[in-house]
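Each structure below appears as structure tokens.
Two complexes are shown next, each including chain A; its partner changes from chain B in the first to chain C in the second.
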Partner chain A sequence: MAEVRLPDWLKESRGEPCLIGKGGSHGFLDKTLANISAFMRETLSSGAAERPGALQGLSPKARIAGFLLLIIACSITGRAFMLIGALVIMAVAMLMSNVSAASLAKRVAPSLFFTSVIAFPVFFDFITPGASVFGVSVSGYSISVTKEGAAIALFLVLRVGVMVALASLLLLTTRQADFFKGLKELKVPHLFVTALYMTFRYVFVLLKTAEDAVLARKSRTIATGRLSEAQRWTASRIALILKKSMSYAEEVNMAMISRGFDGRLRTLKAPGMEGRDYLWLFLTLFFLFLSFGF
Partner chain B sequence: MVQEVFRLSGIGYSYGEGYALKGISFSAMQGESLGILGANGSGKSTLLKIMNGLVFPTSGEMRFLGEVLNEVSLKGPFQRCFRERIGFVFPEPDVQLFSPTVFDEVAFGPLQLELPEDEVRRRVGALLDMLGISALKERPPYTLSSGEKKKVAIAAVLSTNPDVLLLDEPTNGLDPRTQVWLFELLQGLKDLKKTIVMATHDLSLVGDLSDRVIVIGEDHGIAADGKADKVLRDKDLLLKANIIHEHTHRHGDIIHMHSHGPFSTHDEHE
Partner chain C sequence: MHIPDGYLSPRTCAVFFAAMLPVWYFASKRVEEGLKLKNLPLLALGAAFTFVIMMFNIPIPGGSSGHMVGSVVVSIALGPWAGVIALSLAVTLQAFLFGDGGVLAIGANSFNMAFIMSFAGYYSYRALSLGSPGHARKIAAAAAAGYVAVNLAALAVGIELGIQPVISAGTDGRPLYAPYPLSISIPAMMVPHALFLGPVEALGTALVVSYMEKTMGNDMARARGGSKPLWTALVVLAVLAPLGLLAVGTPWGEWGREEVLGMIGYVPSGMERYEGAWKGLLPDYGNESAEGIGASFVYIISAAIGSLAAVLAVYLWGKRWRK
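Showing the complex of A and B:
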């Protein structure tokens, strides 16, 4: 085998120490990716699912169906007290299921923030005319918050908050495996369940690929590059991840076929429903019934 | 009588203008342990996928237990018989572990083959116990270490009790302890007369486990097919196929030039 000849410049070593100057800021890309990754892990993790509790004791099918009924009820009701009622049911369920208010609040906060931003203009008379609650006038231009606007905006924020909190409580108290099993038992088309599951399963693998790509670039970056260059690099990494995700899809499909998958997914049957499952379904169904009346 | 499991006749696989395999012909017998060696990109993985009916050759014919294996035959009742009898361990466990929990992962194969649920639970429990991973059964596979993932991937394949095991780079990314564990497991399966076909770079694993070795050359054809100890001692062949390499190093004042391979010694001084 031919001897490897190292070029002379590779043999030179740097003797001088590194000077510590003024630090820079974290890169936008790695910060964004790290935040997305942390948010996904936080949102999709079922933190309280392993603990004993009232909701955890329900069959996945009954749990998902009950939460779905509550969410439907919240989406069709026009009364705030029905939403507050759902909030009370949720708070009781949360306490009985060993779920901390903080973990739920962390999941609900982002959607509450964005809904509030969207709903903010609705407070004002230029969007919702009505009885002025208070207003300001500058150089002949006046703007005021109306009673009707405030009511609509607060109702919207409350509705979204309650619905997101319900969905979050379901995810917090349900293991991923049970969630998909429950969907299947509820006769959701298996193609949809499989696609949803695969998305859940491989989103982390692809996020890790993206994070690694950013770290590899960071380890070789010694100066801040031009924005256009960063954009080009980002586009090329997005293309790479797309290519990787397609290759993964193909390989996973092969792995499934190799173990006997023929287009029809067969899973273990979940245990049947018990008394408490029927009670939970009755309560949530009754709540849905009330929401039609109010 | 020992049965012929695979017969490959003139198998070729091409994509666009390039090709992954060219004129591959060999047969494998029941209970045989076969090592497939080749450099990166020589077509080993494609060959295993063809043997598992996951991709189909662009030329030549492949038979499994005497039956022609192609897209048409795998659509009918032959499919179940074939999938039941062959297990394929992929090189990257993340590809293979797609179920929500370890338990579901190991149960996947038997469930697709419509085994009764009690039998599935019994098999999964026994396998998890045997591999010492019962404590992981409720964990999502993506949270496991590389060694644990490999154990689950192997359990997932063994749960259908296949007669033939195809393993693609089985020791890839494994720590030494898990490699020894894997060797002992494969040795046990070999003793049970399972047919084992292994594509790998790990010459010591092939040397210890395989009865026969097929070398795929860099021209994507068969460079050698023979008894393991004979093939693994053919230094020129292994160097030509880019499976071993030679290097020079120094012990005090003595400079050695020797090959890296399972049977290399330090008596090749220069």
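Showing the complex of A and C:
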């Protein structure tokens, strides 16, 4: 039996075995995969949108218009009780729409955390001078929380939290198809709606290409590579996806022409607005008008 | 870079929507006379591509990684006007369907990431690669363009946030939106972008453009040349015009009797005769003599009547539309 000899290049040590996800120049693969999977998980799970409920029963245009009015109202108002009022409306709407508080909190938490971090220094007298609520003094340096600072910071956190929660509730109770249908019925220019819909559709196609490329790279990786090599690989994949986008665009254009597509997004004709839609619009408009004065 | 809802006043949001409307309109015209069907997939896929760019983590020294915005890559590949539309589509979709960035801040976010980044990046790249540049100069130009564009956009965000305490404070003077003044908001945005995020954008842009140069030479020619000076001037004017909404005081020409008296020393007879002739159904949203809780109650009734009238208008419009 002939002796099998390993080639010299295979005997060379090329560093430590790659521990995917343990940092080094390969942590970026896991981070990219995590980004893609989190995005897919969040957008492809329809959640409460498929369940029966008060908000889900509204026509898409009334639902979108109503939520926009509420968001505008929360942006206009300068009073905390109006924002708390919006929270109450939201809580009632959630209960009537089978939306769990946990699913909403999951969406609001990142923005709330980010805003809390930003607002934190506002509590203190070095940013907001005013009446001290409590303070500490260490070796001649003193710092205190002021009443004015607390009011400004808490109001900002409350406003951002309520506005993000409203947008999230709209998202949770609206199927993606309904969202585009609603925009169309609200007379948003059809080319814009079609372009948005196509963008939404092809995000997933391109993300699948990206995911395949990253997974393929990860499955072939047995050792930690050089940083410059990892950077070049990432850039080459981005450039490849750009090239694919442009060739897809050509193919989609030809497919559109061959099928006689005229650029208009066709959806099932929606039934007209019903009593509950008008009631929802009345309530949200009422809240908006109140916000002008309070 | 995405500004969430609640940081900008509605007035600022309105200004940026008003500023972006002519830009979107002109960009769609510029891409190809009225955004014809042929360009629709290209713009949609350009927008989808920007999503994917943001997902990719670029490894950087120290074992860490960061992601780029990608506006400059898109504008170099498709041209600045197509870049504006593609990026605006991406920002809109992110706000509505993915909860990234505010719904009311779509105008401001599009201005920063689509308009400023696309144009600053594209023209920096063009200026630095004038003549017949070699591969190395093109890559250096792309890196500089990425760095400049992301820092200019960060500066714009810093200014937008920093003017909020001045233009939208409450009656007691406390900030109602982003609370930090320009002296804090600008360094807070600029330092991380100048030191960390800018170099990541520069590195990513340079590397991607390098591969684009190698593999898509002809496709890169899609990038359009400079715009016509007249149209550029019109767009700049259109962008600047709504900034007047930020001004404080009475709008020009909407003065009351006392203000006119103070300015010119007398009240013109026509104005004296007709001022206040029509006070509206609910002058000042209610009964002027009411005070405290009474005034609030009258205001609430006014709001309810206004809401009812608006819903009735929607109902009648819907009936008419369905016929």
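Keep this in mind: the second predicted complex is superposed on the first by the 247 of 294 C-alpha atoms of A that agree within 3 Å, B and C clash if a C-alpha of one lies under 4 Å from a C-alpha of the other, contacts with A are read in each partner's own complex, and residues count from 1 in each chain.
Note that in this section a residue touches a chain if its C-beta (ideal position, glycine included) is under 8 Å from a C-beta of that chain, and two chains touch if they have at least 3 such contacts.
Quantities reported herein were computed from a predicted structural model and do not represent experimental measurements.
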Comparing chain B and chain C in the superposed model, the one touching more of chain A is C
Message = Between chain B and chain C, whom does A:Ala216 touch in the aligned arrangement: first, second, both, or neither?
response = neither
- Look at A:Ala131 in the shared chain and tell me whether it touches chain B only, chain C only, both, or neither; answer first, second, both or neither. neither
Q) A:Phe155 contacts which: chain B (first), chain C (second), both, neither? A) second
Counting only touches as set out at the top, which of chain B and chain C does A:Phe282 meet: first, second, both, neither?
-> second
Once chain A of both complexes is superposed, is A:Val252 in touch with chain B (first), chain C (second), both, or neither? both
Task: Check whether A:Ile84 is in contact with chain B, with chain C, with both or with neither, and answer first, second, both or neither.
output: neither
Requested in this report: Pick one for A:Ala105: touches chain B only (first), chain C only (second), both, or neither.
Outcome: neither
- Query: Counting only touches as set out at the top, which of chain B and chain C does A:Met96 meet: first, second, both, neither?
  - Reply: neither
Next on the checklist: Output check: A:Gln176 vs chain B and chain C. Expected answer is one of first, second, both, neither. What do you get?
Outcome noted: both
Interface residues of chain A shared by chain B and chain C, listed 176, 198, 201, 205, 248, 252, 256-257, 261-262
In their shared complex, chain A is touched by residues of chain C numbered 4-7, 9-10, 13, 28, 35, 37-38, 40-49, 51-53, 55-61, 63-65, 67, 73, 77, 85, 89-90, 92-93, 95-99, 102-104, 170-171, 174-180, 184, 203-204, 207-208, 210-212, 215-216, 219, 285, 296, 299-300, 302-304, 306-308, 310-311, 314-315, 318, 322
Within their complex, chain A touches chain B through residues 1, 3, 50, 175-177, 180, 197-198, 201, 204-205, 248, 251-252, 254-262, 265-269
Interface with chain A, chain B side, in the complex: residues 49, 52, 54, 79-80, 83-84, 86-88, 90, 92, 94-96, 98-101, 104, 107-109, 111-114, 117, 120-121, 138, 140, 142, 156-157, 160, 245-248
Per the touch rule above, chain A residues touching chain C in the complex are 23-25, 27-28, 31-32, 35-36, 39, 42-43, 68, 71-72, 74-76, 78, 107, 111, 114-115, 119, 122, 127-128, 148, 151-153, 155-156, 159-160, 162-164, 167-168, 171, 176, 179, 191, 194-196, 198-203, 205-207, 209-210, 227, 230-232, 234-243, 245-246, 248-250, 252-253, 256-257, 261-263, 272-273, 278, 281-283, 285-286, 288-290, 292-294
